[in-house]
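Following are the structures in question.
Here chain A shows up in two complexes: once beside chain B, once beside chain C.
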Partner chain A sequence: MNLDFSIFTDNWPDILGGLWLTLELWLGGSVLGMVLGLTIATVRQYAGGVVQRGIAAYVAAFRGTPFLIQLFLLYYGGPSFGLVLTPVQAGLVGMTVYSSAQFIEIFRAGFQSIPPGQIEAARMSGLGRMQILIHVQLPQMMIIILPSMVNLYVIMTKETALLSVIAIPDLTAVLNGIGSATYAYAETLFALAAFYWILLECVTAAGRWAERKVGRYLVR
Partner chain B sequence: MTENPIIEVEGLTKTFGSTEVLKGVSLALERSQVTCIIGPSGSGKSTLLRCLAFLETYDTGRVEIEGRLLGYVEKDGRRRPATSREISDVRRNVGFVFQHFNLWPHMTVMDNVAKPLWLASGFSRKEARERALAALEKVGLADKLEDYPAQLSGGQQQRVGIARTLAKGPHIILFDEPTSALDPEIVGEVLQVMRDLAEEGMTMAVVTHEMGFAAQVADRIAFIDEGVIAVQGAPRDVLLSKDNPRLVRFLKNFFDRNVFWEN
Partner chain C sequence: MSSLLSEALPVFIKGLEATIFFSFGSVVVGFFMAVALCTMRLSKSTVLSSIAAVYVSFFRGIPLMVQLLISFYCLPVVGINVSPGVSALFTMAACTAAYMAEILRGGFLGIPYGQIEAAQISGLNRFQILKEIEVPQAVRLTLPSLINEVVNMVKASSLISVVGVLDLTRAAQNVAASTYKPLSVYLTAGILYLAVTSSIGALEAVARRSLKTERQG
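Moving on to the complex of A and B:
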């Protein structure tokens, strides 16, 4: 075996920049997607028919098409609709919208897991919708939806590898660039795979920790 | 003290799909009175009670709580659905006790009762805890404050449900089959709490199959059949009535079930 690790020490500023961008877009897109998903799922509970159908169409569109095509449409097709974005902006919007559609479904399953009678009791106790969400629904559904949420965060780490196709200098793009410039394909691709694997292990560990914490009241 | 009823219902109708569940119900729930609502299953008695709290919308007619229309806002003779805030405000003094208790399983007994008080009823946390403790003492559960609902028996859970409603200081409490989900031998402890409340002058409307409770505690009984109040009056008049054949048959069912042997 003949591996040359000097390409990492020679290019570390670029690699660090790519790494940072990947982490930023992953976490930024997923967290924004989660907030957007929770907002839409909450509105959906109280919405009338037209809004319901609109949300259903949104979910169907972004869950039913490949992320790659959504990215292309957003970045290359966007200008046709007057939407001109830099690659990084398009990446962030893409990650947010794509993950929000998945988060909507996760939160919907969570809402459905709470018996309606508990919501009625909260309404009769005078609680408003926001209070019901924070004090009755979220604390109980967390334990049920945490595994799927962690899973989605894991999936989103891997989706970031696609961002390089719209010229975002993320870790995948940087390492690929180095690989083709130096012919050190094996080293760069191994490094890339190792990075994603380590990130994924960290997310999973964080998820396990959160599950223990949230599930405390059920262990009695 | 005013003579106006706390809740007044007039010409209430309600349709589920193509089924007309309530076909023009009129009823007055007078202050400090206990009204028991009885009737065969599917007669609309639970739906009626839920309409009185607007847990169920109604189609036509009026539900007025202490003189204010519930669920709709009228202006220039036209009606629009009330916002959830407006509904909450009108039914502020209405308590509701559910068949399946509907406690929040992730909160302790104390939090189940106290939390809504400081979240929604404008009490400080300290006042809320004091009020909650008083209500829980009243239902005999002051020693279970830090327990979770799953650690309690059904009867205890229902008494927490009553305490939760009681703590907000309601002018009327609506009970929707409060003992139907309980084992027969613990029905009594819940009925006793309700008896105590009635004796203190709480205004109550109770949908129930406990005919003994209705006979002994109610001031009025309303028999609902096929979406209308078929018979109503003092317990003795209703329970001994021979005028309505469906009421006679309904009551015969109960008497027959509770007879030990034929004479």
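Moving on to the complex of A and C:
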């Protein structure tokens, strides 16, 4: 087996474009999913039975089905109800919705970890719901849910590899395309594996750093 | 919708069977690999322990999609010619083994060392200790997480459609292409997946509850 590395230098602009697209969709989808998840989890706290059941069904549906099926529904099924998206838009929306369902569960556990007495005390002191969220709930639960959040960001890096299936020119699509054109599958696929491994190590290291940072506040 | 369903139903059922076969099959094969990995990881030999650690880190660190592409395109290059189904099954097994090894490690560490010493003194060999004492208890302790791994593999198995295995996702793609009704076809596939994952999820809840009562009682 001869390894040919000129395929990387020859196709460098495409590879770089795919790499950026993968990183953008990963970070964009996960951050938007985190914001959506926090919003829904906050609403859930104050909502009545019907809304709560609706949110539970949303979480069950998106956590219980493969991400690939969700992408197909959005990209190929969307036009049937007037939602026409480009592949990249569908990818971003898909990543956001899929991760939001997981983030809701994480934030729910976070909210539950805070003693209800504190919320009552805050309410008695005249704080509004938004103030309670920002000053009482979020700072405390962040410390507790940080490991699960980092873990979810790690999981989402791996989900980006699926985006190539709906014709998004991400790193997986670009490298696999080069592999098909030149038969240099070994070089391209192992480069892809190396990219994901390095990305995962970076995210994990960043997570450890953040945990050390906030861990100080845990020790009283 | 109804005519679509009656025509496509056999295709969906065939795909669903394959999805169940591949996800459960990979978990069964992966379980034995996971026990081996876990024994290596916890052994006194630094070499064995490092090999297992690198294996786990590799297979958990790289998307299953990339692993499937590697085995689909690269195995023939090195002269291993197997059908897409066989390579998909073993790639899934290799991947889930890494996750299950990490789950089981917690269970193995939960067994008091005195039990192993007592078994050694009673004359049991290493394999007997593993089979009779360690594995049953480790599985008991980690059953909810192991069942959750089955749910993950049911969902992850949709990726084998990309390397040409006819599973539920691939069946849905075929039906969608021939009927031009992607919305109802993918919704049906989604509901079928949800039926499988929520049934297994219910088992997980039972396992979690019985483990809790066992610990209290």
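Observations
Rule of thumb we're sticking to: the second predicted complex is superposed on the first by the 218 of 220 C-alpha atoms of A that agree within 3 Å, B and C clash if a C-alpha of one lies under 4 Å from a C-alpha of the other, contacts with A are read in each partner's own complex, and residues count from 1 in each chain.
Criterion: a residue touches a chain if its C-beta (ideal position, glycine included) is under 8 Å from a C-beta of that chain, and two chains touch if they have at least 3 such contacts.
Note that the structure is predicted; figures quoted are calculated from it, not measured.
In the superposed model, A:159 lies in contact with chain C only, and not with chain B. Contacts of A:135 after superposition: chain B is touched, whereas chain C is not reached. Look at A:205: by the touch rule set out above, it reaches neither chain B nor chain C. If you count the residues of chain A touched by chain B and by chain C, you find the higher number for C.
Contact with neither chain B nor chain C is seen for A:35 once the two complexes are overlaid on the shared chain. With both structures placed on the common chain, the touch criterion links A:56 to neither chain B nor chain C. When the two complexes are overlaid on their common chain A, residue A:117 makes contact with chain B while staying clear of chain C.
When the two complexes are overlaid on their common chain A, residue A:77 makes contact with chain C while staying clear of chain B. In the superposition on chain A, contact of A:125 is made with chain B only, not with chain C. Residue ranges on chain A touching chain C, taken from their complex, read 1, 60-61, 64-70, 72-73, 76-77, 80-81, 157-162, 165, 172, 176, 179, 185-186, 189-190, 192-193, 196-197, 200-201.
Of all the residues in chain B, the ones that touch chain A in their complex are 53, 55, 84-85, 88, 91-92, 94-96, 98, 100, 102-106, 115-116, 119-121, 148, 150-151, 161, 164-165, 168. On the chain C side of its complex with chain A, the touching residues are 58, 61-67, 69-70, 73-74, 77-78, 151, 155-159, 161-162, 169, 172-173, 176, 181-183, 186-187, 189-190, 193-194, 197-198, 201. Residues 115, 117-118, 120-129, 131, 135-136, 139-140, 217, 220 of chain A touch chain B in their complex.
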